[in-house]
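Dumping the structure here so I can ask a few things about it.
Note that the chains are named A, B, C and D in the order they appear, and that numbering of residues resets to 1 at the start of each chain.
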């Protein structure tokens, strides 16, 4: 059992480094995974830039955002995003919150983000926009700093895979770490392609059937998915860590 | 004869690395070459990210996409793109399939991609868009996973050099590896320039006569072409491999 | 006391390197800090590219831009921007002047730059544009080469955090080096997001209450702020310098 | 005298490397300098990618494009651009021809490129567009492959500093290598800023008086100019070569 947790922690470190190297996160943004042996807990780094996260930085939280063991390390202010989504969505095993720049325009305009390329299909047919001001007024600092805000965001996310956060970023939820990393890497690309295409003329997004077919056909352990995971990890300088997992 | 094949395999490895380093491919996308001694076969890596392809990864396929020798290696799902084009076009010696981001907007809008810069002339006067949904319905996962789809794409490509694939990427075909790499590197640049120029006003693409003059004047072994091949290879860290070919 | 000055000089070197590495400055642009023991003076490098600034390059200036000790080193031509702002704004402890490319479009069009993302909130609700031609005519070389021009710019800046300079760049003022670096890094990002979003449709900027909440909640020594400072410093190759400060 | 030529050749190598590192040229594009002791000749690399040019690659040409000594090295096809400009403009000491991507949109639309930022002032108030098809028909390969085409381009350039070449690139002329490198680095930046600003609204370019003031105040040996030259050279890995020149 210890082995299973250690393995997941290594994967979480790799996920942190990939997201940093692929410019999904900078000093800010974070990725978590549900505890493999206790669905009422999740694993998330303490307050560190994802690029520098190591196994020793990973903390364990209950779904309400309290550290399982209070050892004095500072947690991320916005950890409530993670717990609230795990609480509302038993199917979700991994969550990313980030401010990837190219996604942000779609959070401050009425134009909906749509999957327009096959690698973007995983964001799903609907990408709702959560505006913190709707329920919490227009005097917040935009951060999700408590469970009430986290739960409101999770409500907006509903059964979707991604919710944009107005003037702030996005939250992505998936059934595995590899899934959520892949979705987070291709989400900004899909946004850039949609933005560029809208300057050219009327766009044709993926059909509902195509989105469903892609989601249905996706397998975290298929050679195609592992190929990307390995590629991103090697680019991020984590090739050796992957070998430890093999 | 063995020597000829070994040489082509080394060139194919260099092509893989160049396309990765120039951001034409990431973990996905692939490049093939027709077998130098058997026009009914082509050489293509097994399922690996192009950046990591080595000579030992190259597999041999018959045009219908079956491995010449079944040695248990996993092939790319979309290898049928390559075989179907070689089948339909005896003049084609090398094929690239990729998802280069800046080309994608032209696949989801009605605006045709046109050659607007001299280095983009090689894409040819017409760049058709293949929409998999036209013949295979709107419930596919957009991938070309069999010969029927590959042949339909090849039909759409017809005598042209590039076909865009709606919501997915492009297929490029040329008479040599160097040609197809060069075309694939400059295709996204041409797309970016056209997109930017269309925001300024009415654009003037290359004339038919200019496109023909450039295609007619192009020589894979000219000093100008070799200069680019060498430049890209050195940037991709393959300078030594080129020396082995000299 | 010497220790305090030495520490601030090290921080100023780190700030120079960060701004270079994050593409806020290139060979041009500069960052200063008010002297920690004499509010009538400020510290600024001699005429060097920020990427190469070392502790030995830092000079001390009186607010009117004269070197405290004339040792023959060449100062920046535009040092007057710094002194004039320190003179007008006792609350300001650090100043950046730069030409970050993505900010420039907002200096040559009538569209006001607005904070649209939470990390951009620190630029404040109003970002005035200073046009040197208004008071100094349309035959200047656009540079701020004397106190009269510096004071006019400071007047335009008024109580705001950033002023754009038409056809030239921006000046940012903050109460600490970390603040002004953070603001300068996220200012171009905010500009890019606003520009992209305006192509999509009507944008929703941060509300006044949100901007105030973020400014009120900001703490240079909070774990969140230090996290970014450390991240940028490590990326810029200054990790060791930070350790000397710890 | 030999010393003077050797020094200029080293500077020309540095210029090649800078232009490659700053993405002004790729495998294509070239920079020349008028021979310091014979105004009827110029120095230019043989057919090599600028990033790899070394002193031994520099060839000497008469203004009509013939090698001063025929030693079998292959010259650039488009060397005639350089000679034709030196022939028409005795004030010009250095020439760049390149295809920098962000300049290209202004060559295929009727919108004139204008200096809009102070670092772009050196391109001058007017940037004509040369269309090879006007005099040589619409069946050329767009390259300047003889003196007749070079002279027609030089005629279009006239007394200006830069001419765009439709569907192809630009030619820049200046009174020193440092000048022409600086202009070539900031030309694409000016183009990007103008393009972005035009999406926002009506733009305010530099006034004629401002352009003149900047051109008049520019000094290749000023600390400000040397600072940029040194910065670009160090980024391009040529710091040591500069020391040899000091």
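As a working rule, contacts are C-beta pairs under 8 Å (C-beta built on N, C-alpha and C of every residue); 3 or more make two chains touch, one makes a residue touch a chain.
In this text, all values refer to a predicted model and were calculated from it rather than measured experimentally.
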Kindly list the shared contact partners of chain B and chain D, in label order.
none
Copy-to-copy rotation (chain A on chain C, CA atoms, range 0 to 180, rounded to a multiple of 5 degrees) logged as 90
Taking mean CA positions as centres, which chain lies farthest from chain A?
D
Geometric centre distance via CA averages, chain D-chain C, whole Å:
33
Interchain centroid distance [CA atoms averaged], chain B/chain C, Å
46
Touching two or more other chains in chain A are residues 199
Please categorise the chain-chain contact pattern as a line, ring, star, complete graph or other.
ring
Could you list each pair of chains that touch one another?
A-B, A-C, B-D, C-D
Quick one: in the complex, what on chain D touches chain B?
26-28, 47-49, 51-52, 74, 77, 99, 101-102, 104-106, 108-111, 133, 137-143, 166-168, 195, 198-199
Where on chain A does chain B make contact in their complex?
116-119, 121, 189, 192-193, 196-197, 199-210, 212-214, 217, 223-224, 227-228, 230-232, 234
